[in-house]
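Each of the two complexes below includes chain A, the first together with chain B, the second together with chain C.
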Partner chain A sequence: MLLRLAWATLSRHRTRTLLAILGVAVSAAMLLDMVMLSTGMRASFKELLSIRGFQLRIAPKGTMPFDTDATIPDVSDVVRTLRAMPDVGTISPVLGGQLHVQVGERAVTAATIGADPTVQGDYEIVEGRLPGAPNDVVASEDFLTATGLRIGDTLSAAAGYDAQLRSFAGRRTLTMVGRAHFLYMAAGQLIVSVPLSTLQEMQGSRSLDRASLIMIRARDGASVDAVLEQIKAALPRVSAVSIETAMLQVDKRLSYFRQLAFILGAVSLAVGFLLVTTLVTVSVNERLGEIVVMRAIGVARQRIVLQIVLEGVAIMVAGALSGLALGLVTARYLDSILSSFPGLPAAMHFFVFEARDAWMALGLLTVAGILAGVYPSWRGASLPIAVTLREEAVA
Partner chain B sequence: MSDAIVLSASDLRREYHMGDELVRAVRGVSLDVIRGDYVAIVGPSGCGKSTMLNLLGGIDRPSGGTVTINGARVDRMRDGEATRFRLHNIGFVFQRFYLMPALTAMENVELPMAEAKKLDGEDRLHRARELLAYVGLGSRRDHRPAQLSGGEQQRVAIARALANKPQILLADEPTGELDAKTGTDMIELLAQVNRDGTTIIVVTHDEELARAARRVVHMRDGVVVDDHRQDAQ
Partner chain C sequence: MIIALLVAALIPTISQTIDSTPPRRSPRTLAIDERLAADAKILIGDRLVLSSTPGGVGDTVFVSAFVRRRADPSEVARAEYRVRMHLDQLQTLIGYGDRVDRFAVGTPTPGAADSAIRLINAAAFGFQGFRSRDIAVQTSRTFAVVTRFHRAIGVITIVASAIFLLCIMLLKVDERRRDVAALRLLGISSRSIVRGVMVEAALMASIGSGAGVVLGWVAAQIINWHYRGVYRTPLAFALVTPGIVALAVSLSLVLGLIAGFLAAQRLVRTPPLELLTGRREPRVPFEPAPTA
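On to the complex of A and B.
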């Protein structure tokens, strides 16, 4: 009966109730987006790092992977040392660089990854095949579109540009063997990949036996932390990070994002709370007579409290459910804007939906709904019956 | 009618402050009401009759004196206890009906029964239908108060007051908002309720309603100035 009465009371002023639900929905959408933002970027980054199963990364001393142009010297020695470790499984050295491709009258510059095609963790072949020969190259869709090249075409490429000599260290004729999806590339970025030794040779002496990064998979069943410690002990001239330690760095760098999300989320929650408190208080003030008569005819004080709280919760929950849908739509839109920031991997997402985020937003709004009903319900339930009836009669 | 006293008020007083002024609304009223009686409390506006009714029904606390209903000291009850007592023992009818506008006539009548939890859903519906038929609104049970006339709303209010089979029905100006014809119908309905065994205490300005009662208590300035029995018309 209380539920029916709460529902009927809300239905009595449909427009007002709908507007309040809409207000809460906007607030809930904002709250969900902020909860998604506070956890999504981290979750997305972790997923990105884990996508090909490489748990460890080695970068030049004092840097994070691809943080600078620095490279690891004597990389074959490093690889030899790593191979000697029983718990190290796959080792994939990666060199970053640029290739300049002549297409008719114009030159196209592409970011280039030099990696062993059989163990690399940077791309997946979408069409064609992996590079099998030293002069094979695979490229992103955007590169193929920009150059008009197709699988099977040859291209003249140069690398290792020296600004003083105005010349390239190496030139080759490469064969396009595949179209690839590059996992860490930014949206619209032109990118190709050749075998590691090819890029090292093309870039000249400054890149010989060097890598920007070494990606490592531990053997099945091996402790990643233990492998990390072994690498740190055996190779003090490089920086080794596991996904977990990388995430700690990410956490530090993203802390302001989380703070911002927390503050905006709290504001959304407060707005929703105040909106519902105001609405329910107005509603209670309009029916003081009804409320005291309920008490007069024997309805217990706690039931009146419950009924009024239910009204607040009903608005909050209805608003929250609508807001969750709205939040997902706005999160997708905002994510598409933020993900297109230059330099960010296109696979990186700022807003990642996780069921627990929705539950958290719904839980917070439900609690806010309960709290929003506290003041008006206390007011309604504590009205002196006789005095209120007298005042109502006078009014 | 048995002569057992169902309600007894002794030296009942109610004082309150209105600004700096101390208002003595009820000043030492004593009243015994026997089971099945029909009592009309009459008097000029501000004489304390509504305050008296509130004190008798346990919705206001006396400044002094006692109210006993069926041996229970209503004036001493804590809020929750008094609410529970009213639910099971007292029916209220107000001048302005005060039905829940969001509920249908049936639901309004069901409300005290749902609170009392003595009947399950089906029995509750059955009794609500019976009561609405009793007050002549069997065909209007799915209407909301806004769809009913004043007289019909007051009938629903009476059905609601009778929902938990109270021994006493307290009515504050039940014909105050009704036209003469509807008021007459209401007076007849209350008389019928009384004939069916419910003790009624009614506060009224309405002389016709007062003439329907068996006993008339005149109040003035917070005291009883006359208390006499009459042949109910």
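On to the complex of A and C.
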């Protein structure tokens, strides 16, 4: 009965109700987007870091992995120290650099990862095989397209370019053995990977026995935090970071987006709330006579309050449901904008849909709908019956 | 390379010790980031030991100045510390030899930059000249993405505002349907009523946008205060410029007028009696009176 009455009131002014639902839908879409933004990038980054099971990373002192051009010296000693730790499982040193590949008359420059192919955590082979020999190389799809090379081809590559002498520290003929999907690379980035020792030798003296990063997987059952503390104690000249530490750093750097999400989410909620409050208040003002007649014939105040609150909730829920679909579409569009950040890994997303985000948005809007009905329902329920009846009759 | 420089040991001392060895070259000075000074509690005149590797052999320097960061957007999210050293001092410290990463070259007039670049590139061996503006475009690609994101959010906000405004105008007009019905029964033309509603809408939009400008300005001050504190930078994060005010006010006026026009059209198309009673009157087809 209450629902029918609320529906009758709302359908009396269809245009107005439809517009209110549309307004709430846009607010709900924005709210969902902002809830997704505030949690999505964190979840996406964590998933990206955990994808190959490496829980710890070692970077040059005072830096984050691949944040600068700095490298870790004496990597062999560092690896030896790490191997002596019983809880350390897999160790994968990684060196970053550039290879210049001669293709016909032109040279193609590609970002290069030097890593031990058997334990690396940077790429997955899509076609072909892992590098087995020192001169084997795997490349991204974009690199193969840009150079026209295929698996089995050989290529002439150089590294360690000295801009002042216009010379390279090392040249080699490499064999393309596989096509790989690189996990941490930006979309469209030209990238190849060779064994660590190959890149160290090609880059010359500045890279000998050096690495940009060392990735570590703890043994099954070992405490990652305990391993982290052991590394910090044994290797004071490097920075060891766990996934949680890296997340904290990312949280700091991307705090702008989280705060923006919070502010815009709050504004969306406030706009939806104001819209519904205005609409329900005007609706109550228009039918003061009707409300006091109901009270005069014995309808309880609680039922009147409930009916008016139901009107607000109905608009909010209808708007929220249509807004959720709209929110998913706009989130996709906004994500495509933010994903074009230079150097951002292609697998990283800012807007990630999780069911709890939708429930949170719906819950917040429902609460806002209930609150939106509080003032008009209080006004409707507290009207003096006789005075209002007389005023309405005169009007 | 400069970024990779590690400030390995920062050792503030109260006084210098007396040394019996023959006098050596007095320690050099350096300027440090005021954020580093605040975090490490370093004062002017403090002695520091700098080294290029953690725990490596260091060079003793005295802090002679604090440097405030420039408003550079490309550095805003990076919580790095910076130190400013003499060129030869840094080259020696990091074993860089007689090399630099880049030169900044000034030209007498902005127009001379192109010819200077041509001359440099023609004579250069191992380096290349770029216009500062081109480098700025490259380094600000991140902010181009953020700007596109803000624009997209702006469009969504405008859509929501338009719907909100239309809704409010409909409500305002609906509230006055009896007055309008009376006016129409008195013979006031529909055009005058539409005009009146639109003037009212324009007034509402003007007052609303005026309040919005004030609110926006206050919000911008709060945002700048907050983010300048968070990122410790003099950068302005939100700016209320005359152009932005003009765009916001004109947009809200246009939206208000459109909303007022649509609401007024709805009002004048409804028969006055329906407006008065609030009930839809049955449409009886006109039948001519029977002739005798």
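By definition in this document, the second predicted complex is superposed on the first by the 395 of 395 C-alpha atoms of A that agree within 3 Å, B and C clash if a C-alpha of one lies under 4 Å from a C-alpha of the other, contacts with A are read in each partner's own complex, and residues count from 1 in each chain.
One rule holds for everything that comes next: a contact is a pair of C-beta atoms (placed from the backbone, for glycine too) under 8 Å apart; a residue touches a chain by one contact, two chains touch by 3 or more.
Computed from a predicted model, the values in this text were never measured in an experiment.
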Which superposed partner A:359 touches (first chain B, second chain C, both, neither): neither
Chain B versus chain C as contact partner of A:236, first or second or both or neither: second
Contacts of A:290 with chain B and chain C, given as first, second, both or neither: first
Which partner reaches more residues of chain A (counting touched residues only), chain B or chain C: C
First (chain B), second (chain C), both or neither touched by A:4: first
Contacts of A:300 with chain B and chain C, given as first, second, both or neither: first
Chain B and chain C contact sites that coincide on chain A, given as residue numbers: none
In the complex with chain A, residue positions of chain B that touch it: 50-51, 54, 57, 59-60, 79-80, 83-84, 86-88, 90-92, 94-96, 98, 100-103, 107, 110-112, 114-116, 160-161, 164
Chain B contact footprint on chain A (complex, rising order): 1, 4-5, 8-9, 11-12, 289-290, 293-301, 303, 384-386, 389-390, 392-393
Chain C residues touching chain A - in the complex, by the definition given at the top: 1, 3-4, 6-8, 53-55, 77-79, 99, 125-127, 141-142, 145, 148-149, 152-153, 156-157, 159-160, 163-164, 166-168, 170-171, 174-175, 227, 230, 266
Interfacial residue positions of chain A with respect to chain C in the complex: 13, 15-16, 19-20, 22-23, 26-27, 29-30, 60-63, 68-70, 73, 162-166, 236-237, 252-256, 264, 268, 271, 274-275, 278-279, 282, 285-286, 330, 333-334, 337-338, 340-342
